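Okay, so here's the structure we're looking at.
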Amino acid sequence: MPNTDYQNIIQQLYEQIQSEENFGEVATYIPELSKVNPDYFGIHLTTIDKREFGAGDHLTKFSIQSISKVLSLSIAYELLGDAIWERVDVEPSGTAFNSLLQLESDYGIPRNPFINAGAMVICDMLLSHFKHPDQELLQYIHDITGNSDIQYNPLLAASEKKIGYRNFALCYYLKSFDNIENRPEDVLDFYFKMCSLEMTCQELSHVFLFLADENFLNQHHKPVITLSKAKRINAIMQTCGFYDESGEFSFRVGLPGKSGVGGGIIALHPDKYCIAVWSPKLNAKGNSYKGMKFLEMFTTSVESSIF
Amino acid sequence: MPNTDYQNIIQQLYEQIQSEENFGEVATYIPELSKVNPDYFGIHLTTIDKREFGAGDHLTKFSIQSISKVLSLSIAYELLGDAIWERVDVEPSGTAFNSLLQLESDYGIPRNPFINAGAMVICDMLLSHFKHPDQELLQYIHDITGNSDIQYNPLLAASEKKIGYRNFALCYYLKSFDNIENRPEDVLDFYFKMCSLEMTCQELSHVFLFLADENFLNQHHKPVITLSKAKRINAIMQTCGFYDESGEFSFRVGLPGKSGVGGGIIALHPDKYCIAVWSPKLNAKGNSYKGMKFLEMFTTSVESSIF
Amino acid sequence: MPNTDYQNIIQQLYEQIQSEENFGEVATYIPELSKVNPDYFGIHLTTIDKREFGAGDHLTKFSIQSISKVLSLSIAYELLGDAIWERVDVEPSGTAFNSLLQLESDYGIPRNPFINAGAMVICDMLLSHFKHPDQELLQYIHDITGNSDIQYNPLLAASEKKIGYRNFALCYYLKSFDNIENRPEDVLDFYFKMCSLEMTCQELSHVFLFLADENFLNQHHKPVITLSKAKRINAIMQTCGFYDESGEFSFRVGLPGKSGVGGGIIALHPDKYCIAVWSPKLNAKGNSYKGMKFLEMFTTSVESSIF
Amino acid sequence: MPNTDYQNIIQQLYEQIQSEENFGEVATYIPELSKVNPDYFGIHLTTIDKREFGAGDHLTKFSIQSISKVLSLSIAYELLGDAIWERVDVEPSGTAFNSLLQLESDYGIPRNPFINAGAMVICDMLLSHFKHPDQELLQYIHDITGNSDIQYNPLLAASEKKIGYRNFALCYYLKSFDNIENRPEDVLDFYFKMCSLEMTCQELSHVFLFLADENFLNQHHKPVITLSKAKRINAIMQTCGFYDESGEFSFRVGLPGKSGVGGGIIALHPDKYCIAVWSPKLNAKGNSYKGMKFLEMFTTSVESSIF
């Protein structure tokens, strides 16, 4: 497919969606996030041969939130191997992102590493392994992209921690099932910091390219993850990346992907490209309204999904 | 990939798995099914260019059970379009195949068309539309393959109906939410008949090839389903095809697929092939123990999944 | 307490409540029941020394519905003894009267004999024991009161059966757990018939006096139930008689009692009296709005509860 | 009933139960509690006319644990009136004492003040009202009995806090629903302190006599609580005092009561007596094995329950 197609399709869909009503709502439960201009809308696609296509606010930083959970999982999986699946499962949850319900019947084993509880267990693993997991995570990202502009937003992390009572409940609950090794406060500090990562759509599509490109090498000319592990992370994104809208995303878009409450979404077509979209207003299931719409129209237009 | 590779890999994995212990158990709750020889093990792969590769008992008929739900869905989706999604969702359930739990909180809308409740709603749609949906379904299959050997097993259908109290409960429950139009007895008659379809692994891999091959034409030289709908059915298989082991299958095998309690599994690689495996002993989640094992080792060996 | 007090208090509260707005709603899911004049309001109290006090429509027949479940339990308990508790528990359910949720986690053992599922299991026991349990139940009532005017309403039973899909679901679900011995259709026939019993408030207060009066003898000069069993049935009414409003009734009224969806309520003060109230409009939890109000004000006025 | 009867019955049942096998298990999840000698067994009954009857280890101190929740409720109810019911319900929960399940569906309103979540909300109310709620609670108890030997066990409180992760989870979860006003850490400090109260069976039967005796006056010759409020607390004990064994206790014993994980139980017969039993080994539902057995046999022997 020639360059111009991607650019034309992205630009055209961007304009079409901009002209339509946005039925989403900005998440208000994180005060800092609710201050973001709700009209932002950006798209950026990077192919595995490094061609790039962007539209709208694709160069503006925003809070990637839960999208960061794919990165912590990648580090933990490469580092600790299949042992991690003894403490977290790979099944879609069928419930909301912060539900405590299933943990009770599942004896403290989170359904997957992308719901909050599962991401906390992964954070706990990294905390047991690294002295400064936050610095290691940042280094990991910088090593992938060579772009040291990517940083945490400590104000946002503090803002989330201050009102994150349900996340405290989740983490103490996991601890009560012996599925957290470290102090819950320390796990949550790292968890909130990780979620406060800020990137542009362009940066996101660069960072996650390693999951689409099986020959990807980082700045030190090393593979980021083995092919088999990358495929499995993609599989988990496919079934669990969008909370209780994961089936819907798979159905409409047909790509593995991951959303964040800041309105960002990444999706990737193995062997082809990684795409990031961002628009802060969310649908009822907590995923970017315009982002979901764009990606559905995009894969329909390019007639290309993994199915 | 040359022919010989598929055949060698299939034969080799067949022999390896045959030599290992089978930790599965035959489902006992359907008396007729429990009479099947538990040692059967067959595999058959058909590529979209009609090359075929088989091993073991791939030419022996067995009860395809829930695999049939993909066929009823295909007919209903092509016939009625996206209107069907008003009565059944496309989300993984996170619970067992015959759970009534979620129906209560979801107000009678089944999570997806592959759990029992969802399949009953689809059966109800076909019952409202066709005078003899069972004959239409059989015709549909015969039109796809040109093989009129594929038939129902009325004894098995009667056996399941006789002890299918939980399915009666599910269907009356759906009716109480106004999500069944016809008489529950009639819906169940069709449902049990559909599940009693018998095929060989070879026949299964022929029947479902239309979901892998976008240029597939049936015996009347007509497409079975539009490309866009086929992709969406594949997406639902990917997230919901294996009950509460759907994530695990996606993670380990990386293909869309569907299992049945008779021990059969189909899986397909879009644009490449459709594969069917069969071994009656099931793992704890109700999916063929050897079948799951084979498919994981197979996609690892051929280094090819959709991710 | 002299006669006049009860009569004055009942009359006064009757008038006060009649003058206030009725915020209840008539149950509409049973067509026959929804035809009843919603303005009926009657009260009748009978003391263990056979003094009687009534007000309003206390001599008008109505459908006692679930109140009948106390009678089937009494027969089964006296007949079969503590063996019945192997198939039904005595715990409050914490959920709605027709919930299927708990049955799944409780492996088919209903929480108590007053939720629909529990009453069906009791009906099944009587069906296994009697050739014509419906006739036995009627005889039991006639023997208690000597009043053969008390009868079933076959039209109402038929009306409920016709739309009772959720009850069919419950009964088949119980059958799937092997907790129903007979054919679900037969169990439901008896269940719906039992619920269609019609009585006046006066008749109700006569029928249930045997649970308040430890020296009660029926028309054949025989005790209806042993004292120890009567106390235990009262205990179950106290904790489970009002579905998920049982705690509220215990808290506000302080007497063992049982409600029906027809708007009737019986309550009894051991060693003192049995009282029946009736008003068809129900509160959000499915219990008579005026009935609950009257009983709370009544036990407050007479300063007498079991606590 | 003459004095001798109570003493004989208590002594006789004590000896009988001592001679039988104890099928209970000491709770191990609180390290300090698991150190208690499991063979202790004591009973003490105090009548409203101040006659006393004891047997076994009725003068040995033990940790009253959740029995203390009746005291905090009494203070809060008398102080704040029916406003407290806006933040906690009076319904039996149908689930275990520390379940988070229902809080999710009930939007953070605990089912009743005796499950952990409900008791925390009551603690939070007292914390908002008093500068030193722990001192107020102790003063309240000393005022009732004139016995200043009753104290907290700070070591036990610390022990529970150290491993009370699930209680931390519950409290943060309530906070996330805005049903905790103070800092969760402070609420839990008071909660654990309250649960660490130590009393003998004799002291317990003295302290709770005010709920059985409507003319009870404390050391300052003042009523502890209004009659109407006492009756309602008794009603809540009747339906909710024994977690998911509340129905069973009501059924077998027929008195309002409250158990603690330390193996203590209080029960009371309005207008007659308050009885306390203690034996550390618990049944599967978390209530004293011997205590439950004794109380069932006791109310059967004296032929006296509220029903």
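Note that the chains are named A, B, C and D in the order they appear, and that numbering of residues resets to 1 at the start of each chain.
Simple rule for what comes next: contacts are C-beta pairs under 8 Å (C-beta built on N, C-alpha and C of every residue); 3 or more make two chains touch, one makes a residue touch a chain.
Since the model is a prediction, treat every value here as computed from it, not as a measurement.
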Message: Using only Cα atoms to place each chain's centre, name the chain farthest from subunit D.
response: B
- request: Express in whole angstrom the distance between the two chain centres, defined as the mean CA positions of subunit A and subunit D.
  value: 48
Statement: Averaging C-alpha coordinates per chain, one finds the centres of subunit C and subunit D separated by a number of Å equal to 32
Subunit A and subunit C: spacing of chain centres that average the CA atoms, whole Å: 55
Message: Show the residues in subunit A shared as contacts by 2 or more other chains, in ascending order.
response: none
- prompt: Which of the chains are touching one another, listed as pairs?
  reply: A-B, A-D, B-C, C-D
- line: Note: in the complex, subunit A contacts subunit D through residues 99-101, 104, 165-166, 168-170, 172-173, 175-176, 184
- prompt: Can you name the residues of subunit A that touch subunit B in the complex?
  reply: 89-95, 102, 111-112, 227-228, 230-232, 234-236, 238-240, 244-248, 250-252, 254, 256, 270, 300, 303, 305-307
